[in-house]
Amino acid sequence: MFEPNPPVDLSSGKYLKLWQGPQHPGITGNMSLELTTCGDEVVDCKTHVGYLHRGFEKLMERRTFIQNFPIVCRIAVPEPTFNEYLYAAVVEELAGIQSPERAEWIRTLNLELMRLASYLMWLGGIGAAFGQSTVYQWTVTHRDYILDLFEEMTGARVYHMYIVPGGVRGRLPEGFEGRCHEVLNRVEKLLRDVEKVLFNNVVFKARTKGLGHIPREMVDPYGITGPNQRAAGFARDLRKDAPYLVYDQLEFDLITATESDTYARAWVRYQEMHQGIRMLRQCLDRMPKDGPFQARMPNVLHWQVPAGETYAKAECTRGEYGYYLVTDGSEYVRRVHVRGPSYTHAIALMEKLAVGTNIADIAGLMVSLHTYPPEIER
Amino acid sequence: MSLKDLISPFYVWQRAFEKPYTQKRPIEDRPGAPRYRGFHMNSEDCIGCGTCETICQNHAIDMVPVEGLEQRSGDSGLRPRFDYGRCCWCALCVDICTTRSLRMSNHYAWITEDPDAFHFTAGTDAMPWNQNSLGYRRDDDYHLLVHERIDMQALGAEESVAGFDEVMKGYTEEQAVLEADRCVECGICVATCPAHMAIPDYIRAVRQRDYEAGLRLLYETNPFSSTCGRICTHRCETVCVMGYQGDPIAIRWLKRAIVDRVPAERYREILGDEVVENGRKVGVIGAGPGGMSAAYYLRRQGYAVTVYESQARAGGMLRYGVPSYRLPDDQLDKDLEYIRSLGVEVKFNTHIGRDVPFRQLIEDYDALFLAVGLNQPSALRIQGEEHPRVLSGLQVLDDVASGRDPGVGSKVAVIGGGNVAMDAARVSRRLGADVTVLYRRRIEDMPADPEEIHESQAEGCKLVQQAIPVEIKNAASTSQVTIVWGEAEMIADDKGGRPRPVLQEDRMHEETYDCIIAAIGQGGQLDFIPAEYRDRIEFKWNKFVPGEYQQTGLPKLFVGGDIANSRADAISAIEDGHHAARGIHRFLTGTLDG
Amino acid sequence: MANPIELLQRFGKNFAISEIHEQKADLTFFKVPKEQAVRLLRELRDDAGYTHLAFLTNIDWIEKGIFTLTYMLHNYDARHSLGMHVDLERDNAEMQSIHGLWAQAATYQRELREMYGIRFPGSPRLDEDFCLEGWDQIPPMRKEFDTAAFSLERFYSREGRGTEDPREHMKGLLYPTHTDEPSSGGQ
Amino acid sequence: MDTQKYALGPLLNEGLSAEDRDLFSDARPVPYEPYPVAVVEKFVNWVRANSLWLLAFGTGCGAVELNPLMTARFDAYRMGVQMRPTPRQSSVFIIGGYASVKTLKRIIRSYEQMQGPKFVVCLGICPINGGMYWDSYNTVNKFDEYLPVDLYITGCMPRPEVLMAGVLELKKKIMEGRADGANRYVENFDWYKANQKRVIKDWNMPDYNW
Amino acid sequence: MQDWPVRIGYFLINLTIVGLYGMLLSGIVARTLAKVQGRIGIPVYQPFIDLLKNLGKRTAVSHGAMFYLGPVFRLAGGIGTLAFVPVLYGSEMFSNFNSAGDLLLAMYFMFFGQLGMAIGAGESGHPFSAIGVARGLGQMTAYEVPFALAIIAIVVQYGSLSINDIVAAQQGGILNWTLFTNPLAVIAAMIAFLGMTGYSPFDVTMAPNEIPIGPPTEYHSSYLAMMTMNRAVFAGAKLILFMDLFFGGATNLVELVIKTWAIYMVAVVVGAAFPRFRVDQSIRFFLRYPTLIGIAAIGYTQAVLLP
Amino acid sequence: MHTVDEILDFAIEREQQAADFYSNLAERANSAWMKEMLLGFSKEEMRHKGKLKSVKLGDRLLNADQHVQDLKIADYLVDVEPAEDISLQDALIVAMKREKAAYRLYSDMARAIDDPELKTMFLGLAQEEAKHKLYFEVQYDDQIMRDN
């Protein structure tokens, strides 16, 4: 399946070697693209990562199970909650703990709020990548309103550290539902504006339609998941296919598109934001208002999880996010592997799609795949 | 290209006529949310257990001594110091805080140019956020620790009064592991334990089901593990950090959990039995916990140890003062037999001063350890005390332990509130009597173990508090005795001691019993020490005042046990013995001057 | 789509499949010898519908002297995942590359090469730096590499820190003489 | 810091091929001399303080809070702050948290490309004392060993409000003429270089041209 | 003809006023765009502070002589353009060096600046500069086509290459403005103007996301300050040129401010609404509709206005 | 006794007697620590004596109004005979009883006298003795009735 890009003779003088990043605003985070261009056309692309490598998987092997809980959220900076949930899920599964129903609802609320916030940031990113920074200003501001909700609920804006193995860390604050509804209404209004300004925009369409087309047959060999996959016409979503938390009790539509280009991917994500708001409203209205939110836990200071291995996955904004946990019965994890969708999207896929693209579109293409470098290198 | 796509983007300009999103004064107007995890705060409830340090995955917390902190039991005198070059505001330290003293403020701004400045000791250093009322607190329904003690299986009250079977059945392995799992291993208890046992370590051994290691740990400081695992006064549990929000760890029972799982036959294999004789000999007076403990540690270091005991069996107060439903004989023997198996010689039925002169001992041995205990019951010294139906608590217990019938009758009054009184009461219950305990103070003032008080009540002993016996009547009868007691009022002590009872003469009661068991206290008997030695020894009231390493003014003489300390419990006696053994070893190897 | 156990049994005729463990309804682990692994992966992908390679990773069992590679496959239609284990010798570990089956596997193989030192001959850009640059130690994810010690040695820690153990502190304060002897109990 | 301890070694372009060598500035940096007239210097400092151009290099988690800072909610443009995508034009380098060794090399390169007077602001705990990644094999613990830092803002992550407060603090420092990190770099150049070389083992820069 | 020293003195005054006005305008525009984005935005005087800051910054970078000359050429282009554009109609002081063929000179200088920039930026050796320059020149060539066509149309219409004459021809009422006499030419020129100002959708030359900062990537401190000054002067000159050519010129400063601001706002209004075109897209765009309109304008002029 | 000085002399004399009593008993006691303790009691009495002396010299005043707690332990204990083998318990009982008797004596005298100055002096002395008694009662409470 792997087809290497055609070799280029750099000494011919026809080509220009160009580095985008790590210090480059057109790059989604701290990574870099080594581009070889011929005129305005990119003929080769190599992704370089590792600028944010902290060795999480190694660090987690020398922390106890509870000590890992604050660190996992740092793996994907703009979207920490999925890490928290998945880490909790794998540990609970191997430890034989069932988190209470109320916690499951709160977790779902958390994940969907996070998804909305992350998509808002992405929406601004795709606007900014193509020169519409007004949308970026608007959406990042609205993301901030969601961060306010997180701050109120969890005690922190960015790294919430709220979903803890066994449940969640606290009940929802007084009056949270009302404020959450209010923010959702604001975001919904903003989304309508964004549709007018960005999606019904002749220049945006001119730039994005046909850009970075992913053929259907490329999807599986390249491990493409999430909205990128759905934009290529696959109706696959872990929330529907393997419902976790309370997704089987929520009503939402699976969004797909067929064009599989940057515009389609943006449109799928845009539509999913509406579905997210719909789910959030259901969560707020239907979640249990009392009851326990934490399962009975052992003393976490020397918590030993029985030996075993498992893989838990969730549908994050970018696709299949998974935690693979191997334990050996000690107080430490034997091995944890974090499967982030950015890993395949930003390296194998990006290197493939970049070839033949205009150099000015590289940033937009990169954003349209929605990748987070810290999650690639961990 | 549709016209709509050309026109629609101009919609952005609508925003220009609306209010900006911008926060006018973000620095002033946006405090952290009520639950915000900002900088740490610590209240004076902190005891410096260091659990926050243990859980911190970033090693952001140092436990540092704090100047001017009042030294109190159960407080390490350390306080957490936070390094904001490390802290990630996960608040696990707040969640785990055993006393709930650690909290977070909603303050979040700290900007300096000095990277070395980001340290502070929460609660003691003056920081701008110390008075913040908002910030992260642990939710009441959210726990990272287990606060409920694992119950131990016990005989029901009816079963237990029916005989002298051991009441507490001991933990099963699973229960012990679960209970041991609750421990946070802070080590605060070690200082409070008179013997300074390696409590967190042996609890960890229980958790890891490594009983051999556990036993070795126990014997490092206490050769009466089987005994202490049952009847220790467990001062450690009173300071256990888990007690602040729930039940303290059942430290005593976990100790028992180790010894229960190691059969006596394996002791020598696990703990070793080889002794390298060093050619010196040490005498020990009294085969109680203090004496035998000293004998054990001295023997381990190669001394030839001879123990003199006035009774027929070893164990002292443990055997004659503690009934077998609390401490079965075989368990005491398990401890004692191992000590004797190392080559400790015990001479029974030997009274010092009567059978062997003290002078001879002090001349024959290189050093002498004396732990004769308190075996003289204090008299009531009230009118009519010489009535034949007035018995001493110690005597009753001794009788029962020796298999004699103390003849308490069917209606008994016990005077006193200590363990001896409780034991006497519960023994009487087992002998079929109806028991009333008269105590001068309130139940909460009783020196007896709370468990014993609770169990004796469960077994049907009536506890009458604030009752001062005044007179004993009915001298004519030989089978019945009448006691007159007056109600007491508790009066606060000016000097800050515990409240003292004062007799109210107008509220007197009179009641007739088959016997009255007096158990108000014991004193010691030291007449066997010749006067020329006595003068060189320091006393206070009726007790020795030992110096460093339990040494007395008579350099060869080391003392310990109830006769030399104010706590008068087994574990203190054991530590005295152990400490004296250290002292004797130092004395005989020349590192302790006489 | 057959039940995964049946499926594995069917494949078991041609492959030495062992240690089948059903972790949950949609996840089954099994082990296969190194030589048969890539062939089996190809058949699982082409014949059994396991078209999605979720990840490829490695577990270091230092005490057994082996590396265990885990290939996580997913069948979208059956909604079932298979975790395939392959044991490698820890010293001189080498495995056949599967970048011909899944394009993104090349990245995983690069990472494993860098983090564990496993070689995958033929995998593109295998020996290029992936996350690290100028790394001069043993591959960092191997269990024998002590990251904390390395970090302290190379990056230092800020001075001015120092902690006391409550237990030792209280001992020093309250009963310094009580434990200064060599342990006299036990062995 | 003890500058005597560190002998002057070859500059950081050692090990480069001759044609790559000129991508690096061999020249030792020169200190910034204040204008001879105090009033002029004071005025220029005021100007500098009110025109802070940040280098748009999100080196760590901190980048995530720079988004709100530079957008409508907080709008740091009000304070004369703006992002510049090229180090040549920037005057403030925000180290957004932990620096991995690989990034540190780029940070140093970017920093040396910046024209003085320049200032370094460290966000979060990681540059102070390693933070969450104190035991990681790939992140440095004390950032001030490698580059001079003018201001630290603690937090994980610091909120945009603290960043704004930090900007105000930096302004104050610049106006008082105390933000002299760049000069410290010049004075202790050998010390910094020795430290940098101790952790960065691969000095070969792929042909970066920014 | 007055003596040269006085004219030069007058020109320097013009230069200063236009330069300051240009800077102020960029501050005002930034604030206006900020309003669209829902924020408060920079203080209007911020560009001045930035300029002073850049002047006060140190430099330790050398990329050869042409690198230094780039900003000088650039500034010369701006000043040169202004030099041949009469600022106020009928005012001696604000007439600059107008002469018979000053329109051609002004247009030449508009190119000259870009080319100078191209040489300087190319010298910096930074590929982003090179790419930015290539884009800038490509795009400039493209928008110059409709612009040139529009100029040709009005030159034909007014029969003069002197800006002063063209302004003079538009006096006497709003309906005499080229805007109303030759709307096709104005539309073509205004679309070209969008390209000239460098706002969206034609800002790919300097786009931070596509290519960081474009040609001036390597420029900093006083070089950058010079370029900023040039932008101000050049923007002012262009606006005045457009005002003179298409909107009837101005006879006093108030009129000048209102008209130039209004012209500038056209670019801003469009700029805020659209993302940016890729350079090939913008070239294709300019060579399509605006060029057609420009040709139509010539045709219209020839066919309708001249007979 | 008609003057304050006479009363004080009487009281000082009584303290001296008490001190003599204890030292006498101590000499006879056959256990070292009892000896020591009784000597301690004797010293305590001598200190009381010193205090009264300083009152006589006018250096300090006796406070007649203070309230001294009465634990009433001495009230219901039997009298014991001081003997050579006196125990700690008995020694304390002896001491308590002696102090109680002294208190009684001064109280009775105060009641019998009319002169307010002398009355105050007797009451003051009575309070002093009550304090001494309380001291011994507390010791008895703490050392003997330990309930261990």
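Letters A, B, C, D, E and F mark the chains as written, and numbering starts fresh at 1 in each.
In this text, a residue touches a chain if its C-beta (ideal position, glycine included) is under 8 Å from a C-beta of that chain, and two chains touch if they have at least 3 such contacts.
These numbers were taken from a predicted model, which means no experiment stands behind them.
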Components of the interchain contact network lacking chain B: A, C, D, E | F
Touching chain B and also chain E, the following chains: A, D
Chains touching both chain A and chain B, listed by label: C, D, E
Of all other chains, the one whose Cα centre sits farthest from chain B: E
Most remote chain, CA-based centroid, reference being chain A: F
Centroid distance [mean C-alpha coordinates] between chain F and chain D, Å: 83
CA centroid of chain E to CA centroid of chain F, Å: 113
Distance from chain E to chain A - Cα centre to Cα centre, in angstrom: 44
Between chain F and chain B, distance of the C-alpha-averaged centres to the nearest whole Å: 39
Overlap residues in chain F, where contacts from two or more other chains coincide: none
For chain E, residues that touch 2 or more chains besides their own: 34, 36-40, 127-128, 208, 212, 272-274
Sites on chain A at which at least two other chains make contact: 17-18, 24-25, 50, 53, 55, 58-59, 62, 70-71, 134, 137-138, 141, 159, 197-198, 201-203, 206
Interchain pairs in contact, sorted by label: A-B, A-C, A-D, A-E, B-C, B-D, B-E, B-F, C-D, D-E
Residues of chain C defined as touching chain A within the complex: 23-24, 26-27, 29, 51-55, 57-60, 70, 72, 76, 79, 81, 83, 99-107, 124-125, 129-133, 140-141, 143, 145, 147-148
Chain E-facing residues of chain A, complex: 16-18, 24-26, 40, 127-134, 137-138, 141, 197-198, 201-204, 206-207, 358-364
Chain D-touching residues of chain E, taken from the complex the two chains share: 30, 34, 37-43, 46, 49-50, 52-54, 56-61, 125-128, 208, 212-213, 216-221, 224
Contact set on chain E toward chain B in their complex: 32, 34-40, 269, 272-274
Touching residues on chain B, where the partner in the complex is chain F: 374, 376, 378-379, 381-383, 385, 416-421, 439-440, 446-448, 468, 470-471, 486, 491, 494, 497, 500-503, 505, 519-523, 526-527, 529, 531, 534-535, 537, 539-542, 562, 568
